[in-house]
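Following are the structures in question.
Here come two complexes built around subunit A, the first alongside subunit B, the second alongside subunit C.
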Partner chain A sequence: MKVSITREKLQEGLGAVAGSIPTRSTLPVLSNLLLEAEEGGLRMSGTDLDTAVSVRVAAEVEVGGAITVPAKKLQEIARELPPAPVGLSTQGDAISITGGRSRFRLNGLSKDEFPAFPSVPFEESWTTTGRELNQLISHVSFAVSTEETRPILNGVKWELRPDETRMVATNGHRLAKITIARSSGGAEEDLIVHPRALQQVQKLFGGDEEVQIARSENHLGFRGGSVQIFTRLIEGPYPDYEQVIPKDNDKVLIADRSGLTGAVRRMAIVASDQTHRIRLSLGGPMMKFSVQTPDLGEGSEELPVEYEGEPLEIGFNANYLLELLRYVSTDEVKLTFKAPERAATLEPLGNEDAPDFLSLVMPLRLQD
Partner chain B sequence: MALPAIHGHAEVRAALARAVRSSTFPQSILLHGPEGVGKERLGLWIAMLLMCEQELEEPCGRCASCRLGERLEHPDVHWFFPLPRPDASSPGKLREKLEDARAVELQRRRANPFQEPEYDRAPAHFLASIRTVQRLASLRPTSGQRMVFVIGDAELMVPQESSPEAANAFLKLLEEPPAGMTFILTSSQPGALLPTIRSRVPSIRVTSVPEREIHDLLTEADLVPADQRARIARLSRGSVRRALRLVTSGAGGLDADRKAGRDLLLAALANDSTARLGAAHDRRPAGARNDLVSQLDALAEWLRDLLAVASGAPERVTDPDAVPMLARAVDQRGVAVQGVMEGLERVSRARELAQYNVNPQLIVADLLRKLQRDLLPATTTGGST
Partner chain C sequence: MAAPSLGPQLKAGPRRILHVDVDAMFVQCAVLADPERLGGVDLILVGGSPSGRGVVTSASYGCRAYGVRSAMPTATALRLCPDATVVKVPGEMVRTKSRALASSIADWSPVAAMASVDEAYIDLTGTEGLHRNEPLVETARRIQRDLKERTGLDVSIGGAANRLVAKMATSFAKPAGVYVVAPGEEEAFVASLQPEDLIGVGPALLASLRRRGIVDMTSLRALDVETMAAWWGPDRARWLWRRCRGIDEGPIRGREGAKSISSETTFPRDVSDLGELERLLLGRVVSVAGSLRRQGYYARTITVKLRYADFRDRSRSRTLVDSVQSDRVIFSVARELLGDLRRHNERPVRLIGVSLTGLSDSPEPEQQSLIALVPPRENARDRALSAAVDRIRDKHGRVIAPGSVLADQRRSREGDG
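Coming up: the complex of A and B.
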């Protein structure tokens, strides 16, 4: 392999695959990245076996070939090289890197040692845009569980239907669901995807760029421009989330989003570090927030709202409310309630263009 | 370095291969049997057989799956073994540190599969490791249809009687195993597994490795000069681990435990009580439970050798060099078959006490006093010593 590449292109490629290189692994070769000199470009690939990223950057290829090299060291070298064309050439299982007057030689491993990338049938793919993917992912990936006891909840449920696409995530205490129209149609699929892979998708596909998506039995593949991302699917079944979304919440509250956010944030200051519990008192035109934490103190605040329904006293984890409010883009939000021990829903209100986003939060038991 | 070739267990392997090829291999299996006979190696062999691209009676050794498996690098074969608990501030950190430690240990085993790990704390399977198993099992395989978990010394999921958390978390996986998962557990103390786990896992007994196979292994690995191989193979008594310990302990051919076992026997045969009390006094009063158990096992081996000589079958003695010493005990000291058999009983009871953490000095002092009475009834004057 003999390649000449600009320092910027080298850094760009390395930056794109860096996120897929594991910091720890039971397979030593995974701390390497795969460099493949192809016609007119250099392909860089990395994988932690859960997510694999491959990106092609422009380069002048004199002699084709492939090698795997220690990713971290190559990144550090690329960062420190002077702004000059970088030469990469291999001798056996080593690579020499030259830039300006600097010369390095890194020991690598043969391409054969690197795990094969999954084969995903892109000829049967469906297409979407980077923007759509970003909209879906950003609204739900925060709600994924980080608990290890139920690995299925560590993933995002992605439902593809002929005319719409939906993502759902929950940790059992709060849930986020977004549905958007599917611009290009396509097959029906139910997938459970790890949010780390979706973060890579968010990072590497943007704007109106067309992204092809296809699945094999075990993997999901994304392809757009010069980037490919593959992720290992999480094995189902995902819990039936529709069952927990309340349909008969009869108390409706409409509030100004920024006013509500500010009040919850202030109450959270004096809430317990363990439970983050705050109390909401509903009934009439003013909603009352209050918090009492033994050994610390108390706080209260009032916010003008529109409220329909019987008076209600209900407790919530302030952090969960704030998280959900962050993903609402409209000026007003609608919350619905049934009883102090039943789930509340929160959704945007007022903007026709706002995505169909619904979130749900379980209340906390009030002590008195 | 590739994994050394598997030796022994021919019948078990043939039966397992038949089950794999007829698609009747269970989703989980327990390989149990004496320590050091290669149960985990057999587990890895099954994993390779399940993953092999050829449908043969043995892993073909040539396909991509087999080559990765032999290098312990197959992305869908996960080998978990007990590790010492690292210091960590949170369950998440503990899981990460245990995975780091597993990666380091795997790398060490790849570099030198014959060397035993040495830990400064007692190793176990912790809840955090089982969480990693659960996470891996929730994913689809990297390639193909299957994922295999080999879990060595599975009884250490319950490191102490009061800590069954890891075993209970693992039980959940066994209760609802994800499709395409195979769990291979190994244990030399299957009775220490949770009954709820044992009842869910079909078990197969793995016996000791024939002397000839251990000789072959030593020849292939070229770890010791050719003239020592037969002797080590004989002394190993069917345990690959013991053979390797004999290799590392040097050309003398007696490992530390065997020496300690001989010293205990000589103390029991000594004329005066000073030697017996000295042998008891030489050990630490606490914290040496595992050492004492191994030494008592070695003493039992010496007693079996003594029994062979006393019953007129010196050719059955493990170490031919020891025959003259044993013969002297029988001919000159009057050791009789019945006495040796009672002695073996006593060692077995002492071993149980050692496992219950009784003071090793007391165990040894009492055992040697009674052993002397069993072995040398004619010379024993009374129980006052």
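Coming up: the complex of A and C.
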């Protein structure tokens, strides 16, 4: 392999792939990235076995070939090189890197040791845009569970229907769900995707760029521009989340989003470090917030709201509320409640263009 | 457990608190369990094995004279005191005597509670009339004689107007004595001690004191609370400021605020086999889960610790969505954690331990869950079964346990004899 590439293009490619390289791995080759010189460009790929990212950048290829090299070292070298064309050439399982007056030689591993990418049938793909994917992912991926005991909840549920697409995530304490119209039709699918892969999708696809998506039995592939992402699907079934979305919440509160967010954030300061418990007192035109934390102190605040229903005292983890409020883009939010031990819902209000986003959060037991 | 105070203060004026501490409880229990072999023996080490593995749980006063301390590797203790007799922890006898002690002290005051397996507090405030207004030290001596008669145990008793000073006074009473700090003398008593004598001042805080040039009680007591707060934060500062003045207004309660419950065991020989480790793990789980339930707690976090043959410790823990207390559920999580640890390291193991943290006195988690999505791990049947097992153990001792655990107990008894 013998390639000449600009420093910028090299950094661009490395930056795109870096996120898929595991920081610690029992398999040495996974700390490496795969470089493949092909007609008119250099392809760089990395994988942690669950998710693989591959990106192609422009380069002048004199001699084709492939090798794997330590990703972190190559990235550090690329960062420090002077702004001049970079030469890459292989001798056996080593690569030499030249730029300006600097020369490096890194020991690599044969391309044959690098895990093969899963094959997904892109000829049967459906298409969407980077913007759509970003909107879906950003609204739900924060809500996945990080507990290892229920691996299924570590993933995002993705439902594709003929005219709409929906993502759902939950950790059993709170749940986020977003539904948007599909810009172009396509297959009906039910997928459970690891949020790490979706993070890469968010990072590498944007704007109106067209993204092709295809699945095989166990994998999902994304392809757009010069980037490909593959991820192993989490095996289902995902629990029936519809049954936990409350239908009979009879207490409705409408509040200014930024006013509500500010009040919760202030109360959170004096909430317990362990539970982040705050108390909401509902009933009448003023909503009352209060916090009492033994050994720390207390706080209270009031916010004018519209409220319909019987008075209610209910506790929440302030962080859960703040997380959900962050993904509401409208000026007003609607919350509904039933009882102190039942799920509350939170959704945007007012703007027709806002995505159909619904979140729910389970309360915290109040101490008295 | 947020146990309520066991009684109101009956009247103003100095409180009369006794701290009762059994002298070398495990050694005394070992002798009571096997008087023929150990009666009259002066040098006894409890814990570990004669081959020198494990650590000392308790050493007789005779051994202590040779520099032996608890938690010291048994091998080291035997180098210091080669003539000592090493005996197994007399678990059954310790539990029996601890229960006897609890019921005996309860007869002396309605406000009395065990603070651990071998120590207790008795609040005699308001009972002066019952004891013909005799001095506290006299009542303490009568309690000491009563406990010896009813339990066979020698105890030391410290007395003062609060728990903290009473407990510190006990170390002046040991062994088998009584030491009472007169009302109003608490501060002078504490001032005569060293910072390391203060209960709750451990090696880390002591080192932090030394770094700042505070080497004795005089220099510690000269600090104002603001200076302390700048060094250790406001909570720690208030606590230490009061502590070094002997101030403590806390009521007498049971084992309040336990933060963790744990159990570990050193094997007679290193173990590599996963099946055998799982069996030994089950024994630890049965032990910690039993203590957890006896104290009325539920736990959310389960930790498994392994000590490898090279004395390196590795542990894994998991926090559950819900709080649990049954053997079955705790073992199922602990077993997964053990599997995880072994996947990363298959070297021989010399010690296994289980600890439970995130304790609460209610099975209801504070954070409610969408139970349709995350069904609770522990069901009513698990809890009922655990409760039934506990009732049998309370009545008949540890006659009921998973088969493999009983087999281990039997083997270790036979090995002992």
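Here is the rule we go by: the second predicted complex is superposed on the first by the 368 of 368 C-alpha atoms of A that agree within 3 Å, B and C clash if a C-alpha of one lies under 4 Å from a C-alpha of the other, contacts with A are read in each partner's own complex, and residues count from 1 in each chain.
FYI, contacts are C-beta pairs under 8 Å (C-beta built on N, C-alpha and C of every residue); 3 or more make two chains touch, one makes a residue touch a chain.
Because the structure is a prediction, the values reported are computed rather than measured.
*Asks:* Quick check on the superposition: with subunit A as the shared anchor, is it clash or fit for subunit B versus subunit C?
*Replies:* Once subunit A is superposed (C-alpha atoms), there is a clash between subunit B and subunit C.
*Asks:* Taking the superposition as given, does A:Gly130 touch the first partner, subunit B, the second, subunit C, both, or neither?
*Replies:* neither
*Asks:* In the superposed arrangement, does A:Pro195 touch subunit B (first), subunit C (second), both or neither?
*Replies:* neither
*Asks:* Classify the contacts of A:Leu49 with the two partner chains as first (subunit B alone), second (subunit C alone), both, or neither.
*Replies:* After superposing on A, A:Leu49 lies in contact with subunit B but is clear of subunit C.
*Asks:* Classify the contacts of A:Ala116 with the two partner chains as first (subunit B alone), second (subunit C alone), both, or neither.
*Replies:* In the superposition, A:Ala116 touches subunit B alone.
*Asks:* Thinking of the overlay built on chain A, is A:Glu148 touched by subunit B (first), by subunit C (second), by both, or by neither?
*Replies:* A:Glu148 sits against subunit B and subunit C alike.
*Asks:* Which partner does A:Leu175 reach: the first (subunit B), the second (subunit C), both, or neither?
*Replies:* second
*Asks:* Would you sort A:Leu27 into first (subunit B), second (subunit C), both or neither based on which partner it touches?
*Replies:* first
*Asks:* Touching A:Met362 in the superposition: subunit B (first), subunit C (second), both, neither?
*Replies:* In the superposition, A:Met362 contacts subunit C only.
*Asks:* Using the touch definition from the top, say if A:His219 reaches subunit B (first), subunit C (second), both or neither.
*Replies:* A:His219 sits against subunit B, while subunit C stays out of touch.
*Asks:* Applying the stated clash rule to the superposed structures, which of 76-84, 112-120, 328-336 or 400-408 from subunit C runs into subunit B?
*Replies:* So the stretch of subunit C colliding with subunit B after superposition is 328-336.
*Asks:* For subunit A, give the residues common to its interface with subunit B and its interface with subunit C.
*Replies:* Touching subunit B in the first complex and subunit C in the second, residues 148-149 of subunit A appear in both lists.
*Asks:* Given the complex with subunit A, which residues does subunit B contribute to the contact?
*Replies:* Residues in contact with subunit A: 64, 73, 75, 78, 91-92, 95-96, 99-100, 102-103, 106-107, 131, 134-135, 137-143, 145, 178-179.
*Asks:* Could you list, by residue number, the parts of subunit A that touch subunit C in their complex?
*Replies:* 147-150, 153, 170, 172-173, 175, 239-241, 243-244, 275, 277, 295, 317, 341, 343, 360, 362-365
*Asks:* How about subunit C: which of its residues touch subunit A in the complex?
*Replies:* 235, 318-321, 333, 364-370, 372-374, 377
*Asks:* Spell out the residues on subunit A that touch subunit B in their complex, using ranges where they run on.
*Replies:* Checking each residue of subunit A against subunit B gives 24-29, 49-50, 115-116, 118, 148-149, 151-152, 154, 217-219, 232-235.
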